[in-house]
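Next up: the structures, one after another.
In the two complexes below, chain A is the common chain; its partner is chain B in one and chain C in the other.
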Partner chain A sequence: MNWADLRWLVPELVVAAAAVALLGADLVLPADRKRWLGGLALASLVAAGAACAVVLTDLGGLGAPGVRVFADTYTVDAFAVYFKLVALAAVALVVLVSLDYFPGRTPHLGEVFSLLLFSGVGLLLMASASDLILLLLSIEFVSLSSYLLAGFLKRDPKSNEAGVKYFLYGAATTGVMAYGFSLLYGLTGSTILYDIAARLDRAGPAAYLAVGMALAGFGFKVSMVPFHQWTPDVYEGAPTPITAFLSVGPKAAGFAALVRTLSIGIPLEQVNWPVLLAALSAVTMTVGNLLALLQRNLKRMLAYSSIAHAGYVLIALAAWKSAWALQGLLYYLLAYLFMNLGAFFVAMVAAEGTGSDEIPDHAGLSQRAPWVAGAMVVFMLSLTGIPPTAGFFGKFYLFAAAVDAGLLWLAALAVANSVISLYYYVGVLRALYLMPPAAPGPVPVPAGLRVGVLVALIGTLAAGLYPEPVVTFVEVARRLLGS
Partner chain B sequence: MARLAWLIPLFPLAGYGILIFRGRALGDRAPYVAIGAMALSAVLGWGTFLEQVLGAPPFVWRAAWAVGGERVITVGYTVDPLSSITVAMITLVGGLIFVYSVGYMHGDPYYARFFAFLSLFCAGMLTMVLANSFLLMLIGWEVIGLCSYLLIGFYFRRRSANLAQMKAFLTTRVGDTLMLVGIMALFWQFGTLDYQTVFEAVREGAEKASAVVRLGPWEVPLVTLTALLIFGGPIGKSGQFPLHVWLPDAMEGPTPVSALIHAATMVAAGVYLVGRAYPLFFFTPHHEALAWVAWVGTVTALMAGLIALAQDDIKRILAYSTISQLGFMMAGLGVLGYTAGLFHLLTHAFFKALLFLAAGSVIHAVHTNNIKEMGGLWRAMPVTFWTFLAGFLALAGVFPFAGFWSKDEILLEAYHHNPGIYALLTAAAFLTALYMSRLVAYAFFGRYRGPEQPEPDPWLPEDYARAGVRGPHHGHGAHHGPHESPPVMTVPLVVLAFFALVAGFVGIPGTGPEGGSWIHHFLKFEGFEEAGIRAPSFSWPLALRSLAVAFAGVGVAWVVYGARWVRSDQVREWVGPLYPFLRNRMYIDTVYAWVFVRGGLALAAGLRWFDVQVVDGLVNLVGWVTVLVSRLHRLFDTYVVDGLVNLVGGLTRGLGILLRPLQTGRAYNYILVAAAGVAIIVVVSLWKL
Partner chain C sequence: MIGLPHYLVLSSLLFGMGLYGVLTRRNAVAILMGIELMLNAANVNFVAFTKFVDPTFVRGHVAALVIITLAACEAAVGLALIINAYRHLETVNVDQVDLLKG
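What follows is the complex of A and B.
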């Protein structure tokens, strides 16, 4: 092992060190100062973001090819850096809104932030892992911290239920995935993706078995049907900032790992995975949307919507041969980060004001918190995919990729699903704007939450109105993946 | 300075933002925001203009806005002689009209909103002028269209204003739709909307055999078709025949709006666009797109001049005059008079804004729009009279006023390139002098024919009066006949009158190099030189001929309306059915109302029937099926999936005993679904792939 290679891991090391430091500081700080820990967590995330920029510069700028370190088990390239930045942004925004959420609900504030950071470390590792063992470990790292976070409010039975369910489901699917990985190892004698790709040529049907089982683990992380059933229960029960985190962080990293594993490790000649994923994409978006139609609880609705969005993103893998596919996936996940976090943050405001997660109880929020309700309009329109929001550009890229790859039926189905989704997204706006307020008086919006909504709003609009910088980045990331 | 030019449209935009959100709180201070923003734009605009005058090279800035594969859509702006001189004109005229509005609109309950809309309009107009691509131009174009709609209907409780704004919006939309198709055709052909790239491609393409589109029996070169589609936008926006019908009705808006939007700037946007996209029109085979522009302009100039003769509403006469002058500009551009057409755009902006503002001052005083109820106003309103006279002389084309120089340029170009058009335009110039003299004779000379105590303002909506608001033309207590307007309104008139006199001097031969005029040197089209087309030089015989035509028009009017040697009702008898024909605007509006409005309504009624009977049925069916499917899905989830899971669950229950203390039951089901999922994925992929 070459110690100098550790410089590629500076972002991961910074976040990990901060997470450990937070645990220690939590013991010595008096209760009324614990919010400082959130500040420390934010500072470490910003530092890690800066370190990512340094890593990118060390690579030789945006256009330079990536490096493989630690005997090819870890790949640092533009693709990985992009996902690391997305993950850091997700964790940072969630830490920001947690500053006001957790005090008063739990005394163990330091542990919340520490677990969020540990989960962040896992996400950073997932984005780069090019070895099955490292991949499994980093997924488990994310999962274990997420289980704890989902069940963190110990006195809340729903939170408890969410944590336990999440754990059981995760353990089972990871087990299946591990079994798939072991098959791949058995077939090729290696756990490194690059070697697997080279030696998988005589695998035959066993390769399908291995890929199918591995999909269980990835599908769990990204909420792909049929590995989606945990989603609504966990989203509903977990503390809302954690739900917001689960809906974007692990999902994005899951897609990063899935893309890297399939595109590098599994040659198309051996396993025709785009066809398989086209079917899964179609089923996932349709099931998610149809079930979202029936929801009255905002968090459950967003959970099913999150399943549907996983379906849209899967189009990228189905249409893999199109140059637009990966670009669309990368762009979409960034857009989804802003718009979905924004929606959950507004849900937090609404829940604070009304004490309920039911959509009809949010009636008239436009009069009680006009600014936040206005932001919700943008998030809902973006989730539907209406210009000039980021969601529109994301869907445009993905649907164009489907058409480009000749998957007209999938593009048509995706458009039809988008139309269906308009119904339940606009249903939220209907409650916010057209129904009379359930209670009088303005709803207070804590400072951290206010900043969070604002950042999400700016991100959603900016990425839609001026997509050029993101598009440049994702174009480079696409071109350099696997080179 | 050119590097800061992007700020020019942003100042009024910021002003709009402030006024629309804080307008009510600002109250009477609202105009200061608008005027301040406009002043900043004017300083920058004139700075960039003077820089260009002193010989700075054109400056283009662009940034990628969206990337789709190989195609990059850029936004940016251009500072060159054409855009900088137009910006200078807009900021100057706009600023003066803002100042005038302080007096004219004072007391209006929606004072701040008025200035907000005007500011947004200026932002859009300046964007449109500075844009360096069809995309950004279109954005500005639509913004000014919207502002025009909002401001025509500013007195929104008045039915006629609502109808006028709808008419304006829908009529211009016809042209805008054609233009949008043209822009798409450009993008399809060249993969970009950037002016520079498109024009270079058109120039190179003109040498090759261009693609041909079959339209029924005709074969049209694609480039010509594209240019003509784009010309649809200017036809609508600049009130050219046959889409001119909205402009006279647009006079329902407050008078400063008529001056700024429907005389000086927005209606000139179409002419500006033809000038901006001149290569597109010029490099068509045999310049055939330009021939269309020339004939549309000529027909418009003549038709509007004739209609103006038989109108009595002072603002409508001026509106038809504007249409006619816009026709002159188009005709000028069409007969290869690039400089001439755009020169007339600039001078016309000054004197037509002046005429409208002075007319506003008159209406303000006599509370009527009918010139037959005015008379003798030159004594009561000296400043208004003398400034109006300056505008009149400029419009009629009397030496040495601005209109003389610019109109003469157009006639000169027409004389050299198309004698037929020259003859028709000369007739139109005669009509111009005639109808304007008629207007001046009725309004300012003779004796005052209106009541001593004027009726409440006909332009004032009733509910303004009911609410006790003094409305747009604020009252002055007891009236004792017409009287002069306050200085805040007359000072802008005087400044504009000054420009109506001197703005044409840049067209005097000898002011530029090689005996030519300065404006020819400053605004020139490079394509002419390559094609070997030389601008004809100034000729005194021609200039004297146009001057004689102008005086002939004034003279005929004097005979009928001044000295009254011939009574006007006698003239009416002589011309027979021509008078009602002209008075009713050649029945064009009537025909449109029958064919398009009634036809459209009938079609809508038919479609509505279809919609209710057929489409709704289908939609309801689809909706019902969707709900059914989703219910079935839920049932499937509940019974079939869960049932399957329970089945599998029963088999594995023995294993589950160990885990039971941790189970919630449902999580257990979920995992089994996942397991079944893996099995299905593997089996299906092995079997099918």
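What follows is the complex of A and C.
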């Protein structure tokens, strides 16, 4: 091993060190000072973000080929750096809103931040892993911390149930994925994706079986049908900041790992995975949208909506031969980060004010917290895909990729699904604006949450109104995947 | 002489038993046992493939060791969650854990 290669892992090392330090500091700090730990967590995430920028410069900027370190098991390229920045932003925003949410609900504040950071380390590793063992390990790293976070409120039966259900589904899919990886190893004699690509020939049905089983693990992380059943229960039962985190962090990293594994490791001539994923994409978006129509609980509705959005993003893999596909995936996941986190943050404000997650109970929020309700309008329109929000550009890229790759039916289905989704997104706005408030008086918005909503709002609007910086980044997307 | 097919039959039987347990058992601890069987099936595969396909780099041995560690972590976290849920919900039967539905 070459010790100088460790400089490519500085972001991961910073976050991991901070997570361990938080665990220790949690033991010695008195209870009334524990919010400082959140500040330390935020500082480490900002430092890791800066380290990511340094890594990108060291690579030679955008469009430069990536480097492979540690005997090809770890690939650092612009694609990985992009997803690392998305993951760090997601963790940072969730830490910010957790500062107001967890005190009063649990005395173990340091553990929340520490687990969030550990989960963040896993996300950073997932974005770069180019070896099956490391991939399995990093996915499991994210999962184990997420199970604990979902069940963190020990005295809340709903949180307990969310933790157990998330664990059982997650561990079972890990078992299937590990078996799939073992078959891939048997077929090629290597666990490194580059070697697998070179040696996977004439494998036939066995390769399809291995890839199908491996998809179970990725499908669980991105909540793809038929591995989505955990999503609504866990999203409803988990503490809301954690739900917000689960809906963007592991999902974005799951897509990063899925894209790298399939595009580098599995040659199209051996396994025709775009066809497989086109079918899964169509089923995922339709199932998610149709079930979202029936929901009255806001967190549960957003859970089904997140399944539907996983379906939209899968279009990118189905339309892989189009030059727009990878750009669409990258842009969409950034837009989704802001708009979905924003929607969950507003749900937190509404739940604080009304003590309920049911949509009808949020009636008249526009009078009790006007600018938060206004922000929700932007998030809902963006999730539907209406210009000039970020969600519109994301969908535009993805649907254009589908048309470009000759998948007209998939693009048409996605447009139809977007129209269906308008119904339940606008249903939320109807409750906020047209129904009379259930109780008088303004709803207090804690400082951290206020900043969180504001950042998500600015992100959603900025990526929609002034998309040039992001577009420049994703337009070199073809070269982002260093190989 | 025991060859690769013997190991593959063993591992697929183990995997099948594990998956059957996960899908049919209603006790959360029994489901966890099924999951452990599935992970061990993967381990048998990794070790067998190392001997017959990749004897020089022994990456499969590394994978098996990693998965053993991973299974231990999974059991620790899983049992902690199940015990905590049992304290409040007073059951480990997943059919009776049904506050969340819709």
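Note that the second predicted complex is superposed on the first by the 479 of 483 C-alpha atoms of A that agree within 3 Å, B and C clash if a C-alpha of one lies under 4 Å from a C-alpha of the other, contacts with A are read in each partner's own complex, and residues count from 1 in each chain.
Assume a residue touches a chain if its C-beta (ideal position, glycine included) is under 8 Å from a C-beta of that chain, and two chains touch if they have at least 3 such contacts.
The shown structure was predicted, so the numbers you read here are calculated from the model rather than taken from an experiment.
By the touch criterion defined above, A:Gln229 lies against chain B but remains apart from chain C after alignment on the C-alpha atoms of chain A.
By the touch criterion defined above, A:Leu408 reaches neither chain B nor chain C. Within the superposed three-chain model, A:Ile133 lies in touch with chain C and out of touch with chain B [touch as defined at top]. Shared-chain residue A:Leu168: touches chain B and chain C both. When both complexes are overlaid on chain A, the residue A:Ala323 reaches chain B alone and has no touch with chain C. In the superposition on chain A, A:Arg155 makes contact with chain C only, not with chain B.
In the superposition on chain A, contact is made by A:Tyr208 with chain B only, not with chain C. In the superposition on chain A, contact is made by A:Val471 with chain B only, not with chain C.
Of the two partner chains, chain B is the only one touched by A:Leu290; chain C is not. Shared interface residues of chain A, touching chain B in one complex and chain C in the other, are 161, 164-165, 168, 172, 176, 233, 294. The touching residues of chain C, counted against chain A in their complex, run 11, 15, 18-19, 22, 28, 31-32, 34-35, 38-39, 41-43, 45-46, 48-49, 53-54, 57, 59-60, 62-63, 66-67, 70, 73-74, 77-78, 80-82, 84-85, 88-89, 94, 97, 99-102.
Put simply, chain A touches chain C in their complex at residues 132-133, 136-137, 140, 144, 147-148, 151, 154-155, 157-158, 160-165, 167-168, 171-172, 174-176, 178-179, 181-183, 185-186, 189-191, 232-233, 236-237, 294-297, 300. Chain B makes touch with chain A in their complex at residues 63-69, 626, 629-630, 633-634, 637, 662-664, 666-671, 673-678, 680-682, 684-686, 689. Chain A makes touch with chain B in their complex at residues 161, 164-165, 168-169, 172-173, 176, 205, 208-209, 211-213, 215-216, 219-220, 225-227, 229-230, 233, 271-272, 275-276, 279-280, 287, 290-291, 293-294, 323-324, 393, 400, 420, 466-468, 471-472, 475.
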